[in-house]
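One structure is given here, and the rest of the page talks about it.
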Amino acid sequence: MLALSAQAQDFKTRLINFMEEYIYPNESLYEEQLNQMETRWAIPPIMEELKSKAKEQGLWNLFIPQKEYGPGLTNYEYGHLCAIMGRSLIAPEAFNCGAPDTGNMEVLIKYGTPEQKEKWLAPLLNGEIRSVFSMTEPAVASSDATNIEGSIIRDGDEYVINARKWWSSGAMDPRVGIAIVMGKSDPTAEKHKQQSMILVPFDAPGVEIKRYLPVFGYDHAPHGHAEVHYNNVRVPASNMLLGEGRGFEIAQGRLGPGRIHHCMRAIGAAERALDLLCERANSRVAFGTKLADKDVIREIIAESRIEIEQARLLTLNAAHKMDQEGAKGARKEIAMAKIVAPRASLSVIDKAMQVFGGAGVSEDTPLAAHWANARTLRIVDGPDQVHLRDIGRLELRERQ
Amino acid sequence: MLALSAQAQDFKTRLINFMEEYIYPNESLYEEQLNQMETRWAIPPIMEELKSKAKEQGLWNLFIPQKEYGPGLTNYEYGHLCAIMGRSLIAPEAFNCGAPDTGNMEVLIKYGTPEQKEKWLAPLLNGEIRSVFSMTEPAVASSDATNIEGSIIRDGDEYVINARKWWSSGAMDPRVGIAIVMGKSDPTAEKHKQQSMILVPFDAPGVEIKRYLPVFGYDHAPHGHAEVHYNNVRVPASNMLLGEGRGFEIAQGRLGPGRIHHCMRAIGAAERALDLLCERANSRVAFGTKLADKDVIREIIAESRIEIEQARLLTLNAAHKMDQEGAKGARKEIAMAKIVAPRASLSVIDKAMQVFGGAGVSEDTPLAAHWANARTLRIVDGPDQVHLRDIGRLELRERQ
Amino acid sequence: MLALSAQAQDFKTRLINFMEEYIYPNESLYEEQLNQMETRWAIPPIMEELKSKAKEQGLWNLFIPQKEYGPGLTNYEYGHLCAIMGRSLIAPEAFNCGAPDTGNMEVLIKYGTPEQKEKWLAPLLNGEIRSVFSMTEPAVASSDATNIEGSIIRDGDEYVINARKWWSSGAMDPRVGIAIVMGKSDPTAEKHKQQSMILVPFDAPGVEIKRYLPVFGYDHAPHGHAEVHYNNVRVPASNMLLGEGRGFEIAQGRLGPGRIHHCMRAIGAAERALDLLCERANSRVAFGTKLADKDVIREIIAESRIEIEQARLLTLNAAHKMDQEGAKGARKEIAMAKIVAPRASLSVIDKAMQVFGGAGVSEDTPLAAHWANARTLRIVDGPDQVHLRDIGRLELRERQ
Amino acid sequence: MLALSAQAQDFKTRLINFMEEYIYPNESLYEEQLNQMETRWAIPPIMEELKSKAKEQGLWNLFIPQKEYGPGLTNYEYGHLCAIMGRSLIAPEAFNCGAPDTGNMEVLIKYGTPEQKEKWLAPLLNGEIRSVFSMTEPAVASSDATNIEGSIIRDGDEYVINARKWWSSGAMDPRVGIAIVMGKSDPTAEKHKQQSMILVPFDAPGVEIKRYLPVFGYDHAPHGHAEVHYNNVRVPASNMLLGEGRGFEIAQGRLGPGRIHHCMRAIGAAERALDLLCERANSRVAFGTKLADKDVIREIIAESRIEIEQARLLTLNAAHKMDQEGAKGARKEIAMAKIVAPRASLSVIDKAMQVFGGAGVSEDTPLAAHWANARTLRIVDGPDQVHLRDIGRLELRERQ
């Protein structure tokens, strides 16, 4: 509804062109190259080429709201761009806008010391290394972050980290340089002051990758999600982020934009699915007519468009509110978007798969992979149930 | 998302206050007065009082975009106000913003001759008379307007109207002065040129009210929806609107804003329902705790808020697009809103009824009446199936 | 699945015939007669004629499983018959199988003293009087029956009843002879022993009918649901049912069959709706073809059939389990049916209304009235939320 | 509802025991062995051990209704067993009851010549070889089987087969001995007489496996679904099944039981998911309480149970009707089950994944793999849209 600034509009046009020219045509090349590597955990060369091109064109780090580090777009503006990137699973990285790097960079920008920034933020901004965020633990319900049990204990000039983490996204990527690890620095403190976040170089002794975790059969190579054990890992005390006991505070700040990004990418994936659906419907003939000429299929298309539009507006509205009142002020709006966008995306992609028949569940279209991706969004960054509870509580509170 | 103008914001504040001060407190008085009248088809005096007060405060004819006749708000702006009026079933009339008068006034403003305006528009704008729109016929599927069979035949200086109409909303209201009747003036013309619309004074000989039609048991008195037979009704040729064969054109123009109004009122009804739901949840104790303290109820509240927000944004977005590109340019957006807003409204009101238990289906809350009202919106002004088909078709076309 | 006994099959055939011959053709006569009575709370003569005919044909009291009082059908068998009766809102009474009489007769059969039976059961079995069940109170969440606050206090040879009840179904019916009232006889007893049920002649001094409660816009005349105040009503001590403090026990026993009946009637209503839907689809032409020839409408029909079949099988399965293991053993199955059958019925009827367009929400078809009826079933005899909770608990328990 | 025969009940008990004792405990061993093989398309030894054990215990070929070849259970009876096998993805094969072998064996039993039976049925019955069914083609909408374009042309004593097929399930399995291929033997014949089915030894020259097709990210090794090209493959004329032009007839006969099996396995998968869900809910603590103690989770459990029960009854009812009236007589019932069971299974498994959080989408539970499997069922053996259309048509026809 709200008009885009000329700058954002310009980015949008160029991004769409870039997608058409470089991303879509190279999706299958990316897969091919990956399949030809010796290991699944190596980077297909085309990715570095795409990154160079994107950087050249200034389509780089677009997510960063701080003018010092990026184009300084609002969340509302970047939301539009993020939806375009979300159309392809290989796009976000190409623009240096992939999770969890985006969140990690934001944390470093907001809370990093100059030294931390120099060492880790600079290469991340440059796309030279990648990063990991290690919070979740298999042993405890991690959607309730107070459950996190890993320990980060001060020992002289160092901190000693012991934690069994999993779902550390991107941890299989050979380029990972740094991890942000959450754990308890003081189990006796007030509940929300027990946790800290600390920077752990990924080649530090004691960082052990146990295994990768597939998502619906996908290994998500070459990034992958890993179970990572931090065994007596020692890092300098200066690697602490923001200060002991401030892990929650950081987590909080991190989540607002990250959720919007997830949502907008999910919407982009749905848009792509709807495009593909319509294309297929226009070419496939069954029982005497083109699928596109059947009212039943038109209803499927219409419901898809309706779901996308609602999710898009809801998410953009949350982004806009966050721009105006901060992540805290937009808490309810963000939670709603976080519920709706994955639902809509799943529903639309599912419909597209259905219209593709057998082809839809295979790898001949990007649909199944996008679906699996979107399915995880109902779990990560707060499972639906937790957001619903929050929204309900906020509604009741507003009326008191 | 889009900021409201100061003017619109001011109307909004005053409207909210008016609702609190005059409308809600008089809902039951309205019912009581109605129950005490000799007939169901007489006007409770409180309504005329409310109208006077609203007019006094300038909260009058707010729907009119033309500065000459009203405040000149955009559809986007009026949408916000309309949602507020929709919270009470007696509110729209109090502000002279009730259907079908709004649509009829618009038609007269846009297409009326000076004479037609003087005779019919002026008293309508003034709230002195009410009006009827007679298109639908029991004999044919009227969602396909080409089916309409009533006849409007030129005979010298007059037109002779013969038609069996039903669902003429408001036709039971003793104040009705004028009807706009649709029918075929030339059954041999091209399909979309066969129909005309004509002005029929409601006291003209041959206008026969056969019966009223209840909606889920409600008589919607004192307005009511009536089966109206036009038996050889004669009107001067100057009562023709816009010109013979232009009935479709008028219908088209009429529908854009009307649909937005319906949607926004439905959303307002949902907002009211959610308020009531929360209030009840906060006061009712079952199985040991307040309903408001049960996560199951919080999920109901959260889902309600989510449905409302999505419908609201979608409808406002359609209104905004209509402001910018006209009803035709916003055709898809309007169709989407027309699908979503009634659905959301029905779903939220239904949830509220459920949380109220037995009270929810009775007349002790406005919920059941609002629900019945909202249910008709999935049928009037284009049944869901017709809109879905359109949206599907437009999506496919955009990709060609 | 399970074959019907010859006896049940014979009842079924005769019942279907009776419906075709006498019930459907007299539905509108019933309405007409009612509209012509001086008051809405008088009995249209056609009803007594229908009752006579049904009794003559032995289609009477079919719900009673005890051979002494009725045909002795199983719940599974009667379920099939009940679905047929549910197709018309005037049918259950015609066969003396209407609520709340059925439940009240069951209570008297199971727990009544010979004297109570003679006085109240006999005329009920005969269809001479009707009865009321007064449990729910406006002041408290009555889905949690421990909340009930009315008092039934022993005073010498009498009990004194003070209670503000509402939703006493049938209480407006001039033929009502007796009410079963629930209330606390000992507020200090263990939670589930505080309540008693007692027989209150409806003409006893102190029985005050405050008002009737509409359901959506329906008054459900001539039966009606009433707010009834019991003001110091005195009845002989021998009117106590089963014994002081055994109200819960009775309520429990009452609920199993009652819920199955509600469900099967709701399914019958859905079957009727689907019949009407198909009929309409076969005769109505829109946008160039019969509705029945549109795949979109066929999907609506298919989904309706699917919903009905599932609800039917689930309910019959519950009835069968109840036949074998009693209401307690079939608790989970009954709860499931109680959730599903109203949902399915509402959904199917709603679809039928949609396909009827405007006619669907009016009184020109029985659809809207059936829908309003079915909507209350998600609230009465345990709201959905309470049943879901129970089912969840039972599932978890079974696994321990 | 219908009681199981003693024989079927006995099989059921033994099957449940076998699952507990041998299947579940070896699921991960199967995966491990597979991961250690040199290729994904080799058989983990544990499978042959399981097969031996099952055969020993007489839990073998249970699906065969003909007493000559199997235990002679009805479809209703076998349905119960099939649901148990469906709980594990490795179970069906272990009992020689896996698709597409079951369907292929049925075809051979019903339509095979003695020679065909000896050569292909015998080793299949014995579990020595596996088989393939090649109908679907990427180039055409194969849900409309008249579209199939592959050719089966008589040339002297032989048939020459040319066809590009895909989704030939199990085609990657090294043990495959035979394929049933569908194609046109006479493109000029009446539409439903053009197609034939023919037996093609899988080592025949010209049988070319182009690639395997993943389902979501699963390769379904070691069986796999393959794109298979039949390039001028020559087989003796005696390999024709039933006769030229009778391909449709065979397809028809094949589908009834096959759909029921798919449905019952899907229901079994859902039952397993619900078991796992409850287990997890009982052990996981979030936000202060066990998940099992949250009403929100109990509702999830209840809705799951409700969905399973409805799907189970509907499918068993279809099986029973098929037992009594054949696949044709039960056509509507089968179509309904085919719609409902996959839906229910997907919904329940999805809920279970959600309650497992991150673990749910990984391979640490069988949930994600079961979900992907169930998703294909809305496409194979008739996509939902085709079944809905059929049901709608049958409903309309019944009323004429």
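Labels for the chains are A, B, C and D, by order of writing; each one numbers its residues from 1.
As a working rule, contacts are C-beta pairs under 8 Å (C-beta built on N, C-alpha and C of every residue); 3 or more make two chains touch, one makes a residue touch a chain.
Treat the numbers as computed from the prediction; the structure is a model and nothing was measured.
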A student comparing A-C to A-D should find more C-beta pairs in contact for A-D
Greatest centre-to-centre gap (Cα means) from subunit C is with chain A
Whole-Å distance, C-alpha centre of subunit C to that of subunit D, is 44
Subunit A and subunit D have mean C-alpha positions lying a whole-number Å distance apart equal to 37
Between subunit A and subunit C, the Cα-mean centres are separated in Å by 53
The positions of subunit A in contact with two or more other chains are 295-297, 299, 385, 389
Interface with subunit D, subunit B side, in the complex: residues 294-296, 299
Seen from subunit A, its contact residues with subunit B in the complex are 1-2, 274-275, 278-279, 281-282, 292, 295, 297-303, 305-306, 309-311, 313-314, 316-317, 320, 332-333, 336, 339-340, 385, 387-393, 395-396, 399-400
The subunit D residues in contact with subunit A across the complex are 136, 138, 140-144, 147, 166-167, 213-219, 284-287, 291, 296-297, 353-354, 357-364, 368-369, 371-372, 375-376, 378-380, 383-386, 389
